[in-house]
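Next up: the structures, one after another.
Each of the next two complexes has chain A plus one more chain, namely chain B in the first and chain C in the second.
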Partner chain A sequence: MITLSAVTKLYNEGRPNQMAALDGIDLTVPGDAVTVLTGPSGSGKTTLLSLIGCMARPTSGRVHLNGDMVSGLPESFLTGLRRTTFGFVFQRFNLVRGLSVIENVRLPAVPLGPDHVELTERAMARLEHLGLADKADIPVEYLSGGETQRAAIARALINDAPILIADEPTANLDTVLVNRFLDIVADLRAEGRTVIMTSHDPRIFTASLVDNVVRMVDGRLDTEEAPA
Partner chain B sequence: MIFQTPIMALLLVSGLAGLVALWSAWFGLRVLRRWNLADGSREQLEMERQTHLISTLFGFVMLAEALALLLFVYNADRMANLFVGAMCAVGTLNVNEYGFPALYLKVATFFAAAVWLIVDRADRAGRDYPLTRVKYAGIILLAPLILAGGAVELTYFAGLETDVITSCCSKLFTPANEGLSSEVTGLPPALALWLLGGSGLAVALSGAASLWWGRGQMLFAVSGVVLFFVALAAIISIISLYVYDHPNHHCPFCLLQPEHGYYGYVLYLPLFFGTALALGAGVLQVFVGRPSLRDILPARIRKLIGLSMVAFGLFGLATIWAIVSSQLIVFG
Partner chain C sequence: MTPWLRRQRALADYTLSALGRRKGKNISLVVIYALIVFLVASIMMFSSGMRREADLVLSEAPELIVQQLTLGRHELIAGGEVEKLAAIRGVTAAKGRLWGYYYDRLNGANYTVMVPDDPTIKLEQGQAILGEAIPRSRGLSWEGAPLFLSRFEGDLVKFDVVDTLSHDSALVSADLMLITEQDFRDFFGLEPDVYTDISVSIRNEREIATIIAKAEKVMPKARFVTRADISRTYQKLFDWREGLLVTLAIAAILAFGIFAAEKASGLSAEETREIGILKAIGWDTGDVIAMKLWEGALVSVGAFLTGAVAAYVHVFLGGAGLFAPVLKGWSVLYPDFALTPQIDVLQLTTLFLVTVLPYVAATLVPIWRVATGDPDQVMR
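Up next is the complex of A and B:
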């Protein structure tokens, strides 16, 4: 369970172009569930996701993970936490061009220094599970949109992270690929993982496997009921 | 005189250390007054971010200050040929009344810096900033020492006059004169060696007890400090005689010269490092009960004590080698 207490996030603090991306967010994101943060562009979804995933620190307020304060951890501990607890799927996937699919998938595990053979087996198992085993050795720039997305998910899960964080994972994907993605999320839930993602795609936040939808507007939680 | 490269380097380090110490101490006052990890306020989060920057900066400056002691001593010895009457660093330090105070402040800063660096490293090992208040309180205490050291050093270097006739070490380290150095010089050689052996044994026993049974860490730290002072006295009283093969040459600074094989560095470096590590182990022992450090500190203290014992052991070997390889017969 992730708890946010009075979290604010300012960008360009103290400058004329200061902007409050988040303003006093109090939120509990349940563990062992699928949560979607939704809202219009600029509502603070990605900022909130980056704070939940410990990729950024709040300007004020605290983030707790299973009761432990994580937003104020010293950087070395935060790095360790990101490596072992969170898997990230970025909006543009951010696979490293020039490297093969399997090299990209292995990448987040390299700093932990695992046995190379064991790591490669683990990466291949992930790719196989996501139907990408035959693409393992080709450079990532030759993948299609859906394949790139699945490669990014495989990379996010290489350290066996219990929480998957995904930022607009289905942007620009057709319905077939969205459904394929939802199947993957259902598999992840079946494995007992927590999934937290941002999306303004109704095909995602209205999906039956989504347990929790958090609506946002202008950096705040939108507590008003959505029109029927 | 002040425009000598080593002097400029030393003054640069002191100036930088003074500025960083002032800034860090100012920030330290905020930490002592307002630090509250349970609070998620903007100020607290800002302090959490800044503490990394300031600690890192202060740590680098402290490392530079610790190394500056070596350069200060080396430079004092190197400049001896510029002053009439000076034969070694003693003559250079005696050119005006600020030389020895500058050295003592540098030595004090060395040990304080070493302990602070050890505490800082321990603090970074804890998830919840367990020693942050302690290390910033340390900075507040250290800042006046650093500033005083820099001011005295600047006054000393600015007051170096080549037309001053200074006194050489044989005048200072002779039992015939008055003062602490003369009294130490007059310490009977046999007593000095017994005291050295006794304090060395205390360090070995308390160190062994700490490593094997996990007890006696504070005793080890105290023994280490005692050994440091006894060792300095023994160097002046007897060890230097063996190194020089001379029954009346007690100077602890001529040991640093090339004609004596820079043997002083072989003696002083392990002695200073051993003492600094012992002090660090003792200080960390005070905080061993902090919840987030409970699993980390005992191993660290053991490592510090182990390294300190190795350093003291090297000092012991250097002492024994000086005695057995000497042509001088003091006893019998």
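Up next is the complex of A and C:
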């Protein structure tokens, strides 16, 4: 469970172009569930997701992960959390171009110094599960949109993170691929993982497997339109 | 394998794959880098090889040379002085030496003409032993070809070439011509019982200063040149030549500096993005820097080794074709000999430090700047 209390996030703090991306957020994201942050562009979904995923620290307020405050931890501890607790799927998937699919999938585990053979087997198992085993050795720039997304998911899960964080994972994907993504999310849920994602795609936030929808507008929670 | 080693292996693995993506750029970088190391290492190896060669040759030279001076210039010395020097305690032997220069108008070269003081060298009147550069420059390519020398218009002196000096001593003997004492005196029109200078052998080298002090009393106007003095002169000559080439190499190093600075001044948008991705997926600043250290080390150490090995091959196996004209020989006559392979570890280490460390440091600074940023930038 992740709890945010009075969380504010300012960008360019103290400069003329200071901007409040989040303003006084109080939110509890339940574990063992699928939560979708939704809202129009610029509403602060991605910023909130990056605070939840320990990729940034709030300007003020606190973030607790399973009861432990994480918002004040030094960078090295946050890195450790990102390695072990969260798996990330970015909006543009952010695979490293020029590397093969399997090299990309192995990347989050590299600094942990794992056994090479064991890591490769683990990565192959992930790719197999996502139907990408035959593409393991090709450079990621040759993948289609759906394949890129699945490669990104495989990478996010290589360290067996219990929480998957996904930022607009279905942007620019057709309905077939959206449905396939939802199937993958269902599998992840069946494995007991928590999924937190942003999306303004109705096919995602209205999906039956979504347990919790958080609506946002202008950096605040949109309580008026809270789901029933 | 320890976790630390496994981590390094995984980082190196990733770095190699990452380097493979920009093959053209990285190969050109390594080539330029290796060329510069090659240039500087060649100069260093060649010069130190030459210095060692000079020391080897001089190790057989007499401990002390005594020369007469008149008006500050080298003058012929009377034969009677030889006995005076030989009588000093601690002197094993004193011998009058005969040597001079002959300018050959045919090839514009100066020969050092000398009477050998080595009793094993047997010469008869009209015979000569030549340094290896003389027959080469005079085109005496066939065995037994005589050498004709002309001191003035209408004059012609013939010498039968009975031998050529070995390449081993070519550094100082390339322009040497050995003839008998009688031929020497006839050729230069020299009075009997005068010598060019006197070579003095000394039993205990540590006594040289004392013996010079005694000899100065006997020959107050003479100049005393020790073997160490000659060695120093050679060293200075090679140092100076090396300096000349190093100056040229500095231009190349500067060009490389600009190249490296350009690389160091900022990362490409792609590299910045990549570092953001790595941080976002769980790499910390230390991991990113370690990976970039691997990259810098692979590029610079690879280039250094390539350059240094190429320089070794060039200098010791290939005869240093690129620098030989500048670094060895005198104006017209260049000795032709192979240097004995040897590596000056201190010099090589210095070269390693001045080429590899600045490069790694220069590339690390911008990485550090980017790597310490918040990873959430990759999400925006």
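Just so it is clear, the second predicted complex is superposed on the first by the 225 of 228 C-alpha atoms of A that agree within 3 Å, B and C clash if a C-alpha of one lies under 4 Å from a C-alpha of the other, contacts with A are read in each partner's own complex, and residues count from 1 in each chain.
FYI, contacts are C-beta pairs under 8 Å (C-beta built on N, C-alpha and C of every residue); 3 or more make two chains touch, one makes a residue touch a chain.
Computed from a predicted model, the values in this text were never measured in an experiment.
If you put the two complexes together on chain A, you find that chain B and chain C both fit without a clash. With both structures placed on the common chain, the touch criterion links A:F88 to chain C but leaves chain B unconnected. Residue contacts after overlaying the shared chain place A:V110 against chain C, while chain B stays out of touching range. By the touch criterion stated above, A:N172 is placed in contact with neither chain B nor chain C.
In the superposition on chain A, A:R155 contacts chain C only, with no contact to chain B. Legend: residue contacts after superposition of the two complexes on their common chain; A:P58 is shown touching chain B, with no touch to chain C. Contacts of A:N66 after superposition: neither chain B nor chain C is touched.
In the superposition on chain A, no contact is made by A:S144 with either chain B or chain C.
Shared-chain residue A:E75: touches chain B and chain C both. When chain B and chain C are set side by side, the one touching more residues of chain A is C.
Rounded in steps of 10, the angle chain B-chain A-chain C defined by Cα centres in the superposition reads 50°. Put simply, the nearest alpha carbons of chain B and chain C end up 11 Å apart when the two models share chain A. The intersection of chain A residues touching chain B with those touching chain C, taken from the two complexes, comprises 75-76.
Residues of chain A that touch chain C in their complex: 46-47, 49-50, 55-56, 75-76, 79, 82-84, 88, 90-91, 94, 96-100, 103, 107-116, 119, 155-156, 159, 167.
On the chain C side of its complex with chain A, the touching residues are 3-11, 13-14, 17-18, 20-22, 270, 273-274, 276-285, 287, 374-376, 378-380. By the touch criterion given at the top, residues 37, 40-42, 44-45, 48-49, 52, 124, 127-129 of chain B touch chain A in their complex.
Those residues of chain A whose C-beta lies close enough to touch chain B in the complex are 5-8, 57-62, 69, 71-77.
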